[in-house]
Amino acid sequence: MHSSWWLSALLVVPLLGAAGALLLRRTGRAYGVALASAGVELAIAVAVAFLYNPHLKGTGTFDFATRHVLSAPFGLAYDVSLDGISLLMVVLTALVVFVALAGARERRREASFVTWLLLLTSATMGSFLAHDLLEFFIFFEFTLVPCYFIIAQWGGPERARAALKFFVYTFTGSAFLFAGLLYLGFEHQHQSGGALTFANDALASTTLTHSASVWLFVAFAIAFAVKSPLWPLHTWSPLTYAEAPTAGSIELSALLAKLGTYGMIRFAVGLFPGALASVRPIMLTLAVISILYGSLVACATPDLKRLIAYSSLAQMGFIILGVMSGSRIALVGALLLMFNHGVITIGFFVIVGFLEQRRGTFTIRDLRGLQGPAPVMAALFTVVMLASIGLPGLSGFISEYFILIGTFATHAWWAAVATLGVAGSAAYLLWAYQRVFHGPSDEANAHVHDVTNRERWVLVPVVVLIVALGVFPRPVIDRITPSVTQLVAHVEPAGLTK
Amino acid sequence: MIAAAYSAAGVLVFVTASTLILVGAIGVIAVKNPVHAAISLIVTLFGVAVAFVAQSADFLAAVQIIVYAGAIVVLFLFVIMFLGVDRRDDVRVEALVGQRPLALAGVLITIAGLITLMARSHWVTGATSVSTTGAPLATGQGNVRQLGTAVFTTDLFAFEATAVLLIIAVVGAVLLARRERRVDDTFDDERNVEVSS
Amino acid sequence: MTLHVPSIHYLALLPIFIFFGAALVLMVASALSAKNFSPRLATSTTVLASVAVLVVTIAQWSYVAHHGATTTIAHALVFDDFSILATAVIAASMLLSALVAHDWAIRERVVGVDYHVLALAASAGAMVMAQANDLVVIFLGLEMLSLGLYVLVAFDRHRAASSEAALKYFLLGGFASAIFVYGAALVYGATGSTNVSSIAYFLGQNILLRPGLLYAGGALLLIGFAFKVAAVPFHAWSPDVYQGAPTPVTGFMASIVKVGAFAALIRVLLSALGTQMDTWRPILWALIALTCLLGAVVALVQRDLKRLLAYSSINQAGFMLLGVWSANVRGVAGTMFYVATYAPVVIATFAIVTVVGGVGDEHHSIEHYRGLARRQPWLGAALAVLLLSQLGAPLTVGFYAKYAVLVAALDAGGGALALIALLSAAIAAYFYLRFALTLYEESDHDDASRVAVPRASVVVIAVGVIVAVLFGLWPGPLATWAQHATLLFLP
Amino acid sequence: MNVPAAWYLVVGALLFGVGAYGLLTRRSALIMFMCIELMLNAVNLTFVTFSRTLSDVAGQASVFFVMVVAAAEVTVGLGIVVAVFRRRASTSIDEMSELHG
Amino acid sequence: MATLATLIVLLPLAGFLYVLSAGARQGERAIGVVATGVVAGSFLASVAAFFVLIHHASREVTVQLFTWFDVGTLHVSVALLVDPLSITMCLFVTGISALIHLYSTSYMHGEKDFRKFFLYLNLFVFSMLVLVLANNLVLTFVGWEGVGVCSYWLVSYYFDRDSAASAGKKAFLYNRVGDVGLLYAMFLLFNHLHTLNYLDVFQRVGSLSGSTATLIVLALLLGATGKSAQIPLFNWLPDAMEGPTPVSALIHAATMVTAGVYLLVRMSPVLTLSSSGRLTIAIIGGVTAFVAATIATAQKDIKKVLAFSTVSQIGYMVLAVGVGAYGAALFLMVAHAFYKALLFLGSGSIIHSLNGEQDLRKMGALQRFLPLTFPTFLVGWLAISGVPPFAGFWAKGDVLTNAYSHDKLLWLLGLVTAILTAYYMTRLFVLTFRGNERFREVTHGHDPHESPWPMTLPLLVLAALAVLGGLIDLPWAHGRSLATFLAPTFGYVAPTHALSTTTQWGLAVVDVAAAVIGLVAAVTIWRDRVSSNRYEKTFFEKVWYWDDAYDATVGRPLTHAAIYADRVIEPRVLDGAVAGVAGSARRSALGLRKVQSGFARHYALAMVLGTAVIVVYLVARVG
């Protein structure tokens, strides 16, 4: 067991960075401080990822754990730990903020911007590290605040509407989660007779009637489905992604969406295995609808950010499919896809951000033939796009493949339909690529300058990760699998461990 | 028939008192002129005083006359005269649409409901055992003594609190009625305001 | 005949003495002083009195811890952790609102000690309510508080709104008082006493087969309280009065009145009428649902910040009532926690409103706040934090306040009510955030329209923000105190 | 033998109702005050009646306090009316509806 | 062996990485030399590996590189399987690729994106080699998709031409649909056999039920139709001719499009289990061969004719697979690779000489201007037409004989196709090299000139191979032929009835007759025609209206659905519900605000009414 200070450092470093940025706003060094703290954060996250080694610890795959009760009457505790399920998300959190800072620099009132961004990082990190449902909820909910301000202040023309829509959707969704978690806490307290607690392990031992667990699952799933987003609760996302500033879109889609799926795995599935049999067909169906519907709408959508939003909807559908499948392989795939989709989305949004900087628009109709003037940008976009399509050898493939092959073993029909999404993603992305990068470039687009060296370096880690995780994903998979095995063993007593 | 059950005097007193009370009250809410309303109010207050006497609260009856009729109503009249608002208040036209029927319905339902609730009760539960003094209520002189004792023992705090209340009322009234007074030079040394960014 | 003067526990009375004593001292001193009384001296006295009370409450807390809770002056007052906590909150709120009022008085060139005298006396009334163990004493405390407030609301004679608000408040308040005291009379008839303990004892010993009278009385008492805490449909006065009153007074009302009213409400409903829970809880249920929803919904369309905060305060009152409805230890602790944390936050909010209101106390339209955080980042950020806390955002104390009462409500089987409250919180979040965003939008105002933030107001705002954030990160001790405060008078 | 307490209680309730109705329907702030006084008198009557039936002096003591409160309220209330009148030359409550919404 | 096999794969990858890292200033020459060199090296390694393998006892060598991933029962390695089938594929893939690389250095000379072209080309060869050498389906899928994406890039190489961009996308999407089939096949296999490793699959294949095997075969067939341009997914291939001609030669004639056939052949032990599956395959192959041949008769673009001829030829291969003649399929694949690459490169040479003109109507009489291209093209023409002794005769004959032994109808279809093949190739040949000079307009009056040696050398080599290709599997060379070499890797399918030697001779004669009929007919018709409404049916020219049918049944409905979803379902239905709730909250707020009228008496009324309700409730409660 490693020291929990590592994890506390992950929470505190962004806060320090935020404080530093706030204090240095006058001197204009806020950006530097923020970037430095993001770098440190990334370094710690990577170090943690390397240190984490569940094989040596047998079945107990939580590492870096600690628990301090902050308020007994409230059942509030500071309880952090890390396992294979949260490991990748921690790295992703650090990566996202780093790239968002480096690649989508926002120069309008920069100090405030980076402060919000770092606050968001800390809150997201907290959500992934929390080993206590209430603590998770607090962090989970708090992420809304910085997000709201980032979107509402630095977004596009309709930013205020988008931000409020985002907030109200997710906040309302969380209300269900909140009610559900309180109910669960009491149920546990009444059963155990002890103090009110929301510690994951304690709650997991609660005995629930079938209908109770179904209702709780539904309550949790609503909150997480809004966040992910899952059809039909996704409608906030296209507007929000389109209106948010690039860094905000990156955070939302690359990272915060994963809070939803992570919550789904850790809490909805992890705490209410009894409900799975009943809810599974519905959830799988929603996932499949998300995949196909997202792909379909992405074909018709008028701008790149919306396109990525619908593409994300489809990808989230894949993740939920894997999560709900009850298959170990698919669940590993879902976790990988959470990370990979994050990385890929970073790439997308960073490039779209570059485009927006150069052309002042990301409407597909206004762009044309960009591969001529900007071949490197086109190439980078292509790599990201192909990873998103699921080209083998790039990271997106393995995750999608695991999900489909795993789900096929347990729920063949859903997997069979979902597989059509593989063709769908190619359709809308290639079509978009053709419209934006191919063809003769017109006057407005002929002089778009290619990515600069600095911009290129921002995308290097993204491309490296995309290729590396496609070619040699084993170290990652090996770290994930024991935790997943344990989870699946817990929720699928029938031994459905395909 | 009523007289058969209860003493004629008691009934007579009750009828007198309640007639005074209700007629006065209706007068208050029905007459146009505020002065007349105040006089109607005195009628009610007398009626209540009669009811007090009828129920062995002689001291309170006296206070009722002195404080209410003597002080409060006079205060009302004084203000009416002072402000010169002894004009007619048009009570026939109701400015707010639907106010009267709704008010009537609301009040009737409430009062009918309250009376029903009381009637469905034992009116009084006979819970004398919990009364703090324990001694049964005397009449006449003894009553005043009992009241005095209560005020200085069991209700001591309340009694002291009334003092505070009256002080607040006086301070408030003085403040409100006072002519405006603004002195600027008081503040010159105090305006060291600081601007925060 | 000898008079058995009841024993008097002076430590228990000390806070009320200090406040009222300070009011008297100020009054006399200003009457005696030849020239105009220094506002700074007046404020210092009030602050000193508040600090003294806070110190006293610490002593009281430890006394009660060692000697247990008692009643005093012939059971007219209670001396327990609950009343002590409420007293402390009142004193702290008094301290903060006095500082806000100080800056306001200087800006508006209001002379004299009157404000402080009335505020101290009204606060003393709130303390009486918090400690009262007798319906009549509660009534008297209520009147002390209310009479002081009526005058304070009317205080700003330069604004027509002020006097309009005062008159409305007075008329409706008088109506509510009459209803309340009628209720007290009916309960007296039903139980033979106005003393909370005696009523509780009587109702504990006797089962009323025909409880109509008691119900009628209890309902009227409840309505009286509902008026004071501005529960729908007895809330209608509050937006008008909040808007019309001088802004520091609005802050005073939003905090101290709520503390006093909730303390007394809890004592009456849970101690005196605890046995009648099954009767009053459905009524309260409906009130809470209406209060939460109406407060949140109507706030959506407000253009005046003070009105918006009034509706917000109505919504918050619904949440506070949720703890009362729960009628369990958690609920009482939750409401106390809520009230105790809401008070400094809301005073700080109104401190900012006071500051931004400018000379004449009239710039309260939301439009006026557009871009505030751009012109004055710290001020804007502080307001944003305070709003977030009222919204119930996690990592602010407002979250735990809502959490505490929701926990209690769910524990008491109020799932539906909790969901309604949560839904209202979602609606409320909408307007809080929209307003918070306004602070950060670009505006036509230039830097010249920066507002001066006087030193005392800075302190108040800072305290509010610190409470919001510090307890938001670590609510432990306060939650424990709130829970402790419930132990000594509830089963 | 006196009449039953209930009779007086009913009179009290009616008086309370009349006061309330007046409060709702009269526009003059002064008359509205008077209506509040009517209501408080109803309360006093009720207290005294219960005091008699309970044979307990506490009810009468309460009446005493209610009277004081009534006096204090009138003092402040009239002060407010005077202050308002100075500004508007009217005591009609309906004219005071600028704060709304 | 491990080193050799690894070298085969890694050399092109190294070339790719070199070209990738080469700066923009790096000269064409260096890039051309390296890119060609690595592929040639890969070819040499293949040759070496071939000789090592034939002396290897088991003729099956697995080269384990590293574990790709390992989750639960899904264990997948990056490992190479060197066996007769894969080494055969390697040989002709690397060999032809090397020639085409060489050819390209000259053909692409001066192109703006010269470097990028070789980048893709090397990556393509790498992917193709991964595809054929993989020891499991997942890794095959890597190569499978890799060639797909390289094809996409190369087809849309002239990205600023909208037609090229569309064609590239179309190619990828049709392939992608096929991929769904391949994915299904993998899922089914893994689900039942818990492995995707070829050798393990073959070992456990016995436990598959017949219906499952049929499902898998059909899924594989879907995959194959995408990659190998068979009905119903064949119509991307003609569009793919938008790419540079060497690309058409390499990818869309010789190598990538054979991947589908390779996959079916590779999975032959599974195919063996399902006769209905195989019948479906045979029908698809036969019909595609015929349909594509009819279309080829009416095309006016030289590369389009060759493209449909490719579809048709692959149809033969699929037909061969369907009738269980895996060896014949492979034989035709190799032979076809020789002569089709030759024909494409020849046409490239022609197009090159005509400044990029591809329209047959603007050619003619080129015989004397292209002294090297003409004879080599002649060889290719005769080879594909099935004239003995060229490679095509033997290979096609092998297929037809097998078809005959299996199903007479399919054989008949194949025979008709053979006539058509001879016909349209002759038409092509006549229109190109004979007749009048119709090219002066495009050459601005100049004489067309022969291409430089890097382009003509491959033509000569390929011509030689097209002549001699038949040697690798002559019907009477039992024991040392290609078929014998490959046989151990195949699942065995017994012929429906064995053929006597006489029948075989008879069939050979019929084949020759078919070739001659087609040839003579074409010469007769096209000797003095340039275009003809009678012989170039619009129906054929428009590809049987296949694209339009897809557009009407799939494309447009989907587009409309997408637009409907974006414009109506999203804002009105899904968001509309939420907006409705928000709107009603706002409306009720406005209504409630009116209640807050400012009149104190209204407020008092509200209090009274509230009180009334509470009192009524209590009365009801007390009863």
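Order of writing sets the chain letters: A, B, C, D and E. Residues in each chain are counted from 1.
Heads up, the rule we're going with is that a contact is a pair of C-beta atoms (placed from the backbone, for glycine too) under 8 Å apart; a residue touches a chain by one contact, two chains touch by 3 or more.
On a predicted model such as this, the values are computed, not experimentally measured, just so you know.
More C-beta pairs in contact connect the chains of C-E than those of the other pair, out of C-E and D-E. The chain with its Cα centroid farthest from the Cα centroid of chain D is E. Put simply, the chain closest to the centre of the protein, by Cα centroids, is A.
Comparing the centres of all chains, each the average of its CA atoms, the largest separation from chain C belongs to E.
Here the spacing of chain C and chain D, counted between their Cα centres, is 26 Å.
If you average the Cα atoms of chain B and of chain D, the two centres end up 4 Å apart.
Centroids of chain A and chain D (each the mean of its C-alpha atoms) stand 64 Å apart. Here the spacing of chain B and chain C, counted between their Cα centres, is 27 Å. Contacts with at least two other chains are made by residues 593, 596, 598-602, 604-605, 608-609, 611, 615, 618-619, 622 of chain E.
For chain D, residues touching at least two other chains, in rising order: 9, 16, 19-20, 23-25, 27, 33, 49-50, 53-54, 56, 58, 61, 65, 69, 72-73, 76, 79-81, 83, 93-94, 96, 98-101. The residues of chain A that reach two or more other chains are 168, listed in rising order. Across the assembly, chains come into contact as A-C, A-E, B-C, B-D, B-E, C-D, C-E, D-E. Across the complex, chain B is touched by residues 599, 601-602, 605, 608-609, 611-612, 615-616, 618-619, 622-623 of chain E. In the complex of the two chains, the chain E residues touching chain D come out as 593, 596-601, 604-605, 608. Considering their complex, residues 330, 333, 374, 377, 388, 393-395, 399-400, 403-404, 406-407, 410-411, 415, 418-419, 422-423, 425-426, 429-430, 433-434, 436-437, 440-441, 474-476, 479-480, 482-483 of chain C touch chain A. On the chain A side of its complex with chain E, the touching residues are 168-169, 232, 234-235, 238, 293, 296-302, 328-329, 332, 369, 371-372, 386, 391-393, 397-398, 401-402, 404-406, 408-409, 412, 415-416, 419-420, 422-423, 426-427, 430-431, 433-434, 437-441, 472-474, 477-478, 481, 485, 497-498. Remark: chain C residues 167-168, 171-172, 175-176, 179, 210-212, 215-216, 219-220, 222-223, 226-227, 233-234, 236-237, 239-240, 279, 282-283, 294, 297-301, 427 touch chain E in the complex.
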